[in-house]
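In the part that follows, the structures are each spelled out as structure tokens.
Each of the next two complexes has chain A plus one other chain: chain B in the first, chain C in the second.
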Partner chain A sequence: MKNKKKANPIKKILESRLFSQLMPVGLLLILVGVFAIATNGRLVTGTSLKIIVNQALVVAIVSTGGAFIFASGNVSLSLGATTVLTATLSVMIYNATGSLVLMMVSAVLIGVVLMATSALLSTALGVRVMYVTIVMMTMFSALQQAILGGSTVAIPTALSQSLEKGGFMYIAFGVFFLICVVLFHFTDIGRSLRFIGTNNLCAEQTGISKKKYLLIAFIIAGVGCGIGALVAVVRGGSVGTNTLTSLNMDCMLALVLGGMSIFGGSKSYVYSGVIGALTVIVLNQGLTMLQVDSTIIQAIRGVAFLALVTLSQVRPKGLPAPEG
Partner chain B sequence: MKKHSKILDILFTVAFPVAVWLLMEVLCLIFKQKHVISTMLDVKTIIRNAGIAAVTAFALSFNLKEGRFDLSLGAQRMAGTIIGGLIAMALGLSGLWLLLFAIAFGFLFGFLTGMAFIGLRVPPMVLGVGMALIWEVVPYLVSGGKGLNLFGVEGMTVLTESWFQILVVVVMAVLVFLLMNYTRLGYETKAVQGSQLIARNSGINIFRHAVECYALAGGLVAIAGVLDVSYTTQMAANLGNTSNGVVTANMFVMILGGYIGERTDSSVGIITAAFTLQIFKYGLSLLELSDPLISVINMLVFIGFLVFQANRHKVALAKARKARIALAQKFKAERAAA
Partner chain C sequence: MKKILAIVLALVMVLGLAACNNNGDNTNKKHKIGIATVHTGENWEIVKTYLDTVVAPTYGWEFVVSETLSDANGLIAFMEQCYAAGCDGFINMVTSSDAIIQGATKAQEWGMWFVTENSAYVEDVAGLSYNLGHCGAGPEAVGSAYKKAFEEYLSDGQPHSVILFEGAAVGGDKGQGAASHFYSAVGVLEAFQEVYGLTYEAPIADLVNNQNPGEVKTNNPDVHIYLYPGRNPADAVTALSPVLQSGTYDIFAAVFSFAAFTNAIDEVEKASGKDIKIVGTAQIEKQTKTGFETKDSTGDTVLNSAILNDLSIAVGTKCIMLRHAFEGRADAMKENGKGVFLGVRSWAVNGADIYAKMEKLNTTPELYILSADQLEKFAKEGTTWKDLDNFLEEVSDINKLLSLKGLN
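Let's turn to the complex of A and B:
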């Protein structure tokens, strides 16, 4: 008689699709609940919730675009630097032309060109994605510093206020998010990227072009960076070398907290960026309201990040390596 | 593998810094009527910066050669240097002790990162992001946010001496050379570089090996931190995952060093690459370009080199294909003639 190993029920639950879908929402609700109690309801007042949503918008948009790259099993470290450089250039274009339409169109185009360049270096010229994103992150950051020097660029306050009041930030986010949901969950693009993330070799052998879909993923992420840059400009009114310095980290943190597997694949969801962005901001806001030192908040973010990455993956028997 | 004579190998190695020096010399003479190196101060600055870059690249190479990019190395550098420096200052010890304490703490942070890696088994880049957030907090809290300031502190002059800095870099290079060529660690590194899976199946303890690499990288990067602070006299305790910029900036040194070292040894390659790129940067600064612009140019050259690295085998493949076709055509012609 064969001795069948009994499957560990807890492990089974942890690895189930339903758990990976519900866990991030549950985590967000728990955090909101805990901080609402701890702050005597100050976290869930109308003003506080509006601040949380507004703060989460840029991270949510950029990480929603970034989800396409992560789904393919790749990690991009240049999302933050691309967004900031795009914001800088688009504000300069507005200041040079005075055209709002041109600023918006150029922001999206610049984001796409910057990210597509990264993708082409990898897909067409064969440089490893890891190297490309690190070099691009350093270069875009330095380029922004070279352009700005120590100064800042700004759009007129009246313009940023009218755009904010007109609901531009919510409309931009809503439209981009809806398009991303359709592309990711109801088209070949999302399916192929998830397939590549699940098994790169198998995907290629079934006729899916990794190069093509990786380029598409970077282009969509570029659109996200462009829209994110516009929202950041509208919210802040100006861009300097200290703008959105933690965006890159926040996007990674948001995707992980939102339930995205760091290895990509079938357990990738485009809404991870949104839920994760809200979770990151609730965590920051809640701890700040409890007067926890900002230094300690950073350490808590680091520990939470590592804990959730570990929980969201099946622990390999060996060490993580490209060959498995 | 193609074998070259020793003289050709040496010429190939020396050609890099010499060619870059010549290029920058011409540019500086044309645009600024200056020489790249004209005083002893220029020599000292290039040696010091090349030393820092080389030691950082050595640290990076321990993990990066095996496909692990530790994004927390910058935080380990900061934590090791600041904590080591504060302890040495509190005990009234000399600069040499500061260096030793920094190495010890860098080693400790590297070791703990390595333990986290084998414990959690998350991808190294992802682990690095999380660990950087945690390690950045440690020196900030220990120093009360002030970082390390050696200005006017007695007993630290030895750190600023050029001979001391050269000695440290040479000792490090020799140690890395010995480690990589004559020890179990070097043997295991080569095996894991080839294939981690095969290395493991052949009995190598890849877990212990990874921890050793992380710990050594931490110790080495702390030396780079001390060499840096000996010149600037202070190191800020930065937060917000911003500490790794100084490390990633030296990735080019490591990759170029690996290429140059193919003909000699990776340690020699890294030192040569560090000098080559320092002469390049120094020349650009003499042309009065700003630091960010120099960084942009440096990264553009790096991208160009990465593209070359990723495609250089294609030239050899094309040559081999051409030779094969020529041989086939010759054979066909001979048969037709017969």
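Let's turn to the complex of A and C:
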């Protein structure tokens, strides 16, 4: 007598954990395969692959840190501005002191302080993270503008080259990524943040302090901003008001393309930023190699992202809607 | 599900590997040129048409053109893509000295010929063997054109006051901002100084390098000069509207994007019934034509004087430099082993009549200043950068240019 509704198998697949884990990796491999064929293998030469990795590094690092915030169901819009302001200040510190160590330490500390400020303001004022980070983004950009005016600050080319050739970018990324994987998938920090993202009310009722874990998430993201700033400085050699202006959007895009749920929670993966960043760069590189007009590349990217985001953001039925 | 995914992924891998094995036919390898642009709009579309319809068929090249870039990071990322795509020549239009240094260094590492569109010479990388140097709006020539245009306005014996939107002038003499903007502002201040015998509170270079907007003390109560440095015209319109409404200023000059200010100026003219002359750096494009042909509320033309630059001649010159390098004659484009600076001179156009002739340029393949014939002529063995420089000097005279193109 019971009128049992049969579950839609496609919807079931889309909602499955396996799909959300494999889809971004599969998409990346498909893109690589398609462009490898279309470019007669030029996309997958050693040089080309190294370039793809190099280009993805800054977004991969910053979004890996950002994944901790997104996992908690929050959106930070100040990752990019924090990274650029951190890069500006750390280069100025290097130019004032000539100390590479001081530049690196200060970059991480500045990143942490700037991001932690956002978290503290959000929890102290009881304002949603997104709104606080909008204000912080504007403030940081204005501060950088005030510091630099129309000029740029730069480290010596020889220094940036030697750091690049010495593998600093890969070491920085590798160490940070490994620590993040451990923290996110094998410690209470990651589990608690995902629980908060799934249902913050339940999480608090089971004794998880939302404020504490939000602060931890922002501190880790701040470390990511600091390391990302250093990598950006090594790659570009200089920082100006036009530097990495789209970084925040690139990071959000990378996270979503990499399989991170926009709702955070249990379907959050720390590697999403890396997969997503690589996907964006492969798409760009492949289309450039095929000499597709730059305006058409932008259009293709937009359509592809829209389709993928729609496909990857099916919210499971029964999952409580986040507040607000 | 897992099986299907596994099959799909395996297929992709196999196809990818098969594709890797396909070396393709490289016997007729074309030169590929990467172009990192900072330009958008009609003027840039004219250049793209020039590249496609004139340069590409003449030299047999292919072009890979970037999205609009703005900094060293973007430049390096695009250069990497171009290198992976097989480009062996590169035209850089990102003008900060940091970007040029990073770009030229990368190009050297990869053995990619590199030439920059810039108004200032970056000495640090001038000696790199793959760096052919710079070609852009000659900064002193732009400054002279501004000075000349203003001397003409100020010579009527009346006191005049100006608001000058300086763009990226700050640091333009030190490789930080835009050198052409810097010298444009210097030209305006020099014209005022000489015509009215003004005594400024600081050297002109220091006044231009001040990043804070404000009025310059002229020691003449009837002559006012307001400097506004900034790269964003929209912000400048907002900030300068109250200054315009003060009624003190009767000339507005913009070193770029004059059209962004015309509505705000027209509103002030309507309210005060007073004409404000507009002088601006412009390109040969519809926007400039509209400026010269449209009347404002006082019955005067919207644009009164234009300091005209032509991007296609600058791009064509850079292509000639690359052509020499591809043919093994890079030294012909160098002076004592260093890349040179070739300045494209600006034209001071005071009125719609002259502009009506100038606007015919770039409308057909033959009417580009560096048409196919010229591209071939200047790429021949035996020609050097001095021949190119002489040509740029020759066409700096509007009458000679119009005669050369049969437009006089």
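What we mean here is this: the second predicted complex is superposed on the first by the 314 of 324 C-alpha atoms of A that agree within 3 Å, B and C clash if a C-alpha of one lies under 4 Å from a C-alpha of the other, contacts with A are read in each partner's own complex, and residues count from 1 in each chain.
Operating definition for what follows: a contact is a pair of C-beta atoms (placed from the backbone, for glycine too) under 8 Å apart; a residue touches a chain by one contact, two chains touch by 3 or more.
Predicted, not measured: the structure shown is a model, and the values here were computed from it.
Partners chain B and chain C clash in the overlay (superposition on chain A).
In the superposition on chain A, A:131 makes contact with chain B only, not with chain C.
After overlaying the two complexes on the shared chain, residue contacts for A:222 are found with neither chain B nor chain C.
When both complexes are overlaid on chain A, the residue A:245 reaches chain B and chain C alike. Once chain A of one complex is fitted onto chain A of the other, the partner contacts of A:291 are limited to chain C, with no touch recorded for chain B. Look at A:258: by the touch rule set out above, it reaches neither chain B nor chain C. When both complexes are overlaid on chain A, the residue A:55 reaches chain C alone and has no touch with chain B. Within the superposed three-chain model, A:65 lies out of touch with both chain B and chain C [touch as defined at top]. By the touch criterion stated above, A:305 is placed in contact with chain B alone, chain C being left untouched. When the two structures are aligned on the shared chain, A:26 is found in touch with chain C, with no touch to chain B.
After superposition on chain A, the stretch of chain C that runs into chain B among 255-263, 273-281, 309-317 or 363-371 is 255-263. The intersection of chain A residues touching chain B with those touching chain C, taken from the two complexes, comprises 149, 245, 294-295, 298.
Residue ranges on chain C touching chain A, taken from their complex, read 1-2, 5, 8-9, 11-13, 15-16, 18-24, 62-67, 70-73, 76-78, 80-86, 96, 98-99, 101-102, 105, 124, 168, 170-171, 176-177, 211, 229-231.
Those residues of chain B whose C-beta lies close enough to touch chain A in the complex are 67, 69, 116-118, 120-127, 129-134, 136-137, 140-141, 145, 195-197, 200, 206-207, 210, 239-242, 245, 248-249, 251, 255, 290-293, 295-296, 299-300, 302-303, 306-307, 309-311. For chain A in complex with chain C, the residues that touch the partner chain are 13, 16, 18-19, 22, 26, 29-30, 32-34, 36-45, 47-48, 51, 54-55, 58, 149-152, 154, 157, 160-161, 232, 235-238, 240, 242-245, 284-285, 288-289, 291, 293-295, 297-298.
Note for the complex: chain A touches chain B at residues 75, 77, 121, 125-128, 130-132, 134-135, 137-139, 141-146, 149, 245-246, 248-249, 252, 262-263, 294-296, 298-299, 301-303, 305-306, 309-310, 313, 315-316, 318-324.
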